[in-house]
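As structure tokens, here come the structures.
Shared chain: chain A. Partners: chain B in the first complex, chain C in the second.
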Partner chain A sequence: MAESMQLCNISDNNFEQCTKCSICTTVCPVAAVTTDYPGPKQAGPDGERYRLKDPAYYDKMLKLCLNCKRCEVACPSGVHIADIIQQARMTAGQGKRASLRDTMLANTDLLGTMANLVAPIANAALGLKPTKLVMDSMMAIDKHRTFPAYSRTKFETWYKRHAASGQEAMPHHVSYFHGCYVNYNFPKLGQDLVKLMNAVGYGVHLLDKEQCCGVALIANGLYKQAKRQGTVNATSIRRSVKEQRRTVLTTSSSCTFNLRDEYPAILDIDTSDVRDSIMLATRFIYNLVDEEEIKLIFKQDYKRRIAYHTACHMQRMGWQIYSIEMLRMIPGLDLVELEQECCGISGTYGFKKENYERSQAIGSTLFKSIEEAKVEAVATDCETCKWQIEMSTGLPVENPISILADALDVEATRRANGLK
Partner chain B sequence: MVTSDIYNKEYDVIIIGGGATGAGTARDCALRGLSVLLVERNDYSTGATGRNHGLMHSGARYAVTDSESASECISENMILRRIARHCVEETDGLFITLPEDDLQYQQTFVEACQRAGIRADVIDPAEARRIEPAVNPELIGAVRIPDASIDPFRLTVANLLDARMHGAETLNYHEVEGLIINQNRVEGVKLFNKHDGSHVEVRGRVVVNASGIWGQRIAQMAGVKISMFPARGALLIFGHRVNNMVINRCRKPANADILVPDDTVCVIGTTSDRIPIETVDDMRVTREEVDILLKEGVKIAPSLATTRIIRAYAGVRPLVASDDDPSGRSISRGIVCLDHAQRDGLEGFITITGGKMMTYRLMGEIATNAVCAKLGNTAPCVTASQPLPGSEDDAPNQSDLTKRYSFGQRAAIGRHGSLAARIEKENDIDNALVCECEGVTVGEIKYAVHQLHVHNLVNLRRRTRVGMGTCQGKLCSCRAASLMGEFNHDVKRAQEDLASFLDERWKGMRPVAWGDTLRESQLTATIYEGLCGLDMAVNLEGKEDAQ
Partner chain C sequence: MRMDTVIMGGGLSGLTCGIALAKRGKRVAIVASGQSTLLFNGGSMELLGNIDGKAVNAPLEAIAALPQDHPYSKIGADRIAVLADEARQLLADAGISMEGSTARNHWRITPMGIAKPAWLTLSDHLRLDDLNNLPAKRVALMCIRGFFDEPNGMLEHGLQGLGLEVKKVEFTTDDITALRRSPSEMRASSLAKHLTSNNALKRLAEQINTLAGDADMVLLPSVLGQNDDSDVQMLQGLVSKPLRLVATLPPAVAGMRMQTLLRHYFRMLGGNYLMGDTAVSGAFDSDRLASVTTAKLGDMPLKADNFVLATGSFISRGLRADYERVYEPVLDLDVDADSDREQWTRFGVLEPQAYMRYGVATDGNLHCLKRGKPINNLHAIGSVLSGHDAIKMGDGTGVSLLTALAVAHDILA
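Up next, the complex of A and B:
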């Protein structure tokens, strides 16, 4: 009888399903480089039992977790190990104020808006040695790091001026959650997406209101603000999906993962009704090609050797296959698939002075394998991986969407898809 | 002192039984300046002391039916909060009334508590749900009382440590085979040393029988008759805490009506069955007992239905028969101290029994008073005011700990109180975790093995919680066995110990082996048998049991 009453054990984040096999600890990039971090099993399900007894058993070393989710990918029992750790950090951090540095790093949105106004000055200043030294000593932002350059024109501004008017005429429509990086630092990626989608007959639209997805806010303990912004985004996404019948495309793996999975798991924002309609553009396009809804024609003279790096959150979603297969469709592209390893940056983590060395140690095997691959560029779906790999290997890093847009024969593609 | 020197001394008092009562009596006797030997046939706290709820009763449970026990409980409860701080967690408790219970009883209950001097505050069911979210939300009444959670293993060890600091000798794995009797006077004990198989005699002026349910057998050796009333109770351990307060049913005591948060787990119990005295060593838990416990347990906290059960265990209450109540519950838990000189004309022999783990200190005081009366010792009892080792006033507080210590070190301070200062933590190896579920470090294992009378992994578990977490020894047992092998310079013995420890763990899992507990044990079996061939390397007696 007792057995039939206990058909399933239910615990927050499945922590009770842990059989202590320790596979998670073997794949943890942090545990691999430092003994200060107890590893995901200990920090997650083991520690949770003690924290249930008394929250004072919180281990401050949990701050070393990258939230890369590699533990969750490896877990054979479906335990949401990283979520347990994030929630423990959230509980422990309640009532504490984030430092100026963490607030600054987390507020990509605010910082971007201000920097756009004075982009040339900001870029020059942020690149100057004295500025870097001041940030290093005053704010504990490591001096080795360079902030990504700010663009003079926001993506949203470009879109309204140059793209918006042409979108309604397209036969099909999607929305685009561009994220802070595209908006403030690198509008070209957004432009590439518009170019690609327009070539196959899809109009690209901005959401009613988009705010920073909040991935950096969560990582830096600013949960209230993250929840506020997340609620705004969820409302906009819901309107796009439910009313306008538009799938919401993204070009950043971390934004995507945050919108789909961290909103409900960490911020308690229910997005289950629209989750399946939030997806990375490569996955959306792959499915269209696969179902023969669209055709892509690539340039005949395109020739490059590129390595693909799977970002951690990309791996958590299991979607690297779409980006890889899309790149493989380009006839002139010689693609090297790298081992799935963490690059060590983990958003704002690697920017912090106290994490710099650990961050580089975590990424070292990846950097070595990139070097050995003898490629001219690296492709990845995550902007922070891009900064880390560019800084650590000197090679340019591009989003697969940009590579696809670059290799695309736009005219031929338009014709193949019946567009004039 | 080497063992042979221990045998050759003559003691003021020899105490039989290494449970809480024996340990408490040894401490009291030693503090009053007597020379003391305590002997235990197995490990310390293997009997009823280590096989109960770990509940520090407020006495409320007995208030209606047994006011004397209730008064004893609340008085000892307040004493233990002071002297055994590191063994006690001040959780407070609830007595809840469910729709199926009679709310009238609450009134009777609260009045009885007040008569016994137990604080009993009637609170709103909504307030009860707020302070203890795990409680059955359908409750119609709640009373808050000063119940708490206590660790009987630590409590016993702390008493033994203090006794030893005051000159007492203690021997585990020494079984009493007979008493030395000379003309109506007990003059000592005949012992069988289970470690080396030797037989010895040790002399003492007074022998105290503090051996719980096994006291009837000891009394028989002295030719006196005590009728014990063995009442067996089974309990279930859940993988983590669902509740942070003790939850009781507010009704006449019945099956599975108390849920206690103990350390990292919670425990529901107990059943109550009268059993023949011959079967008191059979601690296997039956399917029927598991069914009753879970069925009743979910009425207290519905989430138990979906929480992993990691173990089942049973214990036997050492009640002295006084009436013919078949349930064993209306009987008094009252303390029984028999001076066999007065009762049976046998000098130098005292039996202390009945009572509860909760009242062990008082039992020790009563027994020591009887011993002192015989020996003409007039020293006063100080056990109610002097803190146990580990619970001294200078024990560090939690917020201080968070800043200064690692997780494993804090877990050790939680277990050993101020004695954790004796644990080595200077290097990475000492701070490395052996048991990851319970946060036991190499340093803590060293301390336990060298200072807390540890001969095997089961002993080690009782001193440290190694192997008591959800994996039930999967990861820690081989590490701990390896350390033991290193300390004892005996690999073969460590290997056998490992096999028998895993076997012991499996016995407790077997009655609840389904779902995740079954998956867990399958993985353990695959690692130790499939990969390491432990079953082939070591031939365990009763191996068929472990399959």
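Up next, the complex of A and C:
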């Protein structure tokens, strides 16, 4: 009786369990660079008590939250601080229309589809100084930013033309949620995954229907559209896992976190029955090697020094250990694990003019540690961290899957796994 | 996922044990559910501070007389001096420079101005070796305008009680004033983040040099040096008088520095620090622990030859209590605790509290017990252990450091 009373007294977002220790505020990258943001304790559990009393206590400065989730990772009491803040923003934003700029930044797939059609023109135009200045002044997209280049051929198109026919013959099978970045900007990452999985006997399949996971829609307050797209994805993922018995692999930490955790927490889409079968490819591959189900053979002459950056959502998922340990399997790779700091971009946040300076200030500690690491490249599982680090340090940034594919001796690996 | 050793808990004891093992080439993973209570530490370590309410002068002698169930007795009182030197060396290797001796306690000053016995104190923090021979006659106590984390009046009163002449100086700089725009920013950790540029430190030094007057030592709240001691050293170089930091209310910058440096050192040695993950259950294979499942790694449990429980006490959720019992939540291990709930607490918050001595039951080698039987590849270290009292005995950090090293030796043997 007493026990159940205690349990009944805890809200879904467990804000009552905050002990006011302030540890979350000590790790907040936004509070570290601006006094405008009240910090996660104040914005989250403290503010929630006021907001429950009267919604008018909502503080508009909550829009400065990056949703990096570092407060939740640091909290010794397991309070879902960032969820509290996200939900407060969602409640306060109801009935308001997102600006053209936010709608454009959020619709990564719509933008991608249009840009792919005219990729060379779009890339050239987006890179031009006049275009940047117009975007800066008319749309408040900061002029320092470079839009990621658009690919001429979508990953899905490449897959259907060059890869699809060979997949069924493989002994094992997985599905691949490629995400907008791989589809429109960087198909090579998807191609690397197909190459890697095929070399160890796994056929890679697209989902019935894949839409943008919606991480940028949520960040820009377009919840209804996010929920619509999320429902389509959840249906496709469920069919892959339940009917086709295929695990769904991903190569973006933010898409993965969104599909697994934000769908139920923010969008109220229940994915609990398939959650365990949605995972980053690095986790899947590491586990296969660890369980001695597959073998990876690496090139003899491979030699590089690379720093690993843990993206915020990767840290929130707690999966950096898989990417790091997978990279450490490569004999010629000298891996430096960087201190876990936010790079400051947080998806579309850093693209907005009003956030540019703050975004760079947040990332400055990370950029300095990358410089000090004296490496030739940086590895990370997040595409927006990649843009930010490339722009801010000048070093190339690669996904661990691409690094693994590059270091792999494909023929020797195929033979070692019993493939012809 | 296979490791040589998996440590549950990423605070002082977990990191110390992890570092000692990783240094010897072991593959180690630390599962750390959130930041640890090290963030409440004002910059000192203690071996043994009090017995029956009386301050201990010579900790090694007092340790020899502790009862059999104290963790120090289980390690062996004769090993304490050697392990303590090893701990100090490990801290120094991580970049944490501390001073003190195992032969004789010195005094640290709490934010409330109370002198408490300590073994080691950060080199840049206030330390009194001998209350009859103070390091200064007149001190300037620099009080930051609008600062939340230092009860200045109490600190002044406490220092005066020790025989110091205290000149309280309220001051601010442009950098500090800018922070006051947000009331929640006037905390030690926020100041430490914003007072890092050379110019901010120069402005701070100018104010101190102007206002310190005829004091022969300057005391500044510990609001500098979150990642290492370089900012403090720079300020010490710019201030014309000797400058020492005094502990603030938590979260403490000194504790953040120690946690950051230890974690960084562990990672440099190739250790895996799983920040924000929690061990939730374990699978046993007769008298051994085979694997531990964590909240984030889910259906891929951590397998290892050895496991270490360093999950801390009640505040860190290493121990839990409901209306009926005190229990260990991850593996349901045996605990030393009163079964009668009436005995857990005593009226009066400052009175000795029985629950402070509760913890996981262990054999003479700190192996955990489950249903009375030792689990031969599972040790417990630090605050989760029973038989000591961090508040009343002042033995918390010492037990964390020394049990961690003793267990690391046992695993490596």
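The rule is short, and it goes like this: the second predicted complex is superposed on the first by the 412 of 420 C-alpha atoms of A that agree within 3 Å, B and C clash if a C-alpha of one lies under 4 Å from a C-alpha of the other, contacts with A are read in each partner's own complex, and residues count from 1 in each chain.
To be clear about the criterion, a contact is a pair of C-beta atoms (placed from the backbone, for glycine too) under 8 Å apart; a residue touches a chain by one contact, two chains touch by 3 or more.
Nothing here was measured: the structure is a model prediction, and the numbers come from that model.
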First (chain B), second (chain C), both or neither touched by A:Ile10: first
First (chain B), second (chain C), both or neither touched by A:Ala74: second
Which superposed partner A:Pro38 touches (first chain B, second chain C, both, neither): both
First (chain B), second (chain C), both or neither touched by A:Lys53: first
Which of chain B and chain C A:Arg316 touches, first, second, both or neither: second
Which superposed partner A:Lys20 touches (first chain B, second chain C, both, neither): first
Touching both chain C and chain B, counted on chain A across the two superposed complexes: 2-3, 6, 21-22, 35, 38, 41-42, 77
Chain B to chain A touching residues, read off their complex: 239-241, 244, 261, 263-265, 287, 290-291, 293-295, 298, 303, 305-309, 398-399, 401-402, 406-407, 410-411, 428, 433, 436-437, 439, 469-471, 474-475, 512, 514-516, 519-520, 523
Of all residues in chain A, those that touch chain C in their complex: 2-3, 6, 21-23, 25-27, 31-32, 35-39, 41-42, 72-78, 276, 283, 286-287, 290, 315-319, 321-322, 324-325, 337, 339-340
For the chain C and chain A complex, residues of the former touching the latter: 1-2, 29, 33-37, 39-40, 178-179, 181-182, 184-185, 187, 189-190, 193-194, 250-251, 256, 260, 264, 267, 272, 274-278, 294-300, 315-317, 322-323
Chain A to chain B touching residues, read off their complex: 1-3, 5-11, 15-22, 35, 38, 41-42, 46-50, 52-54, 56-61, 77
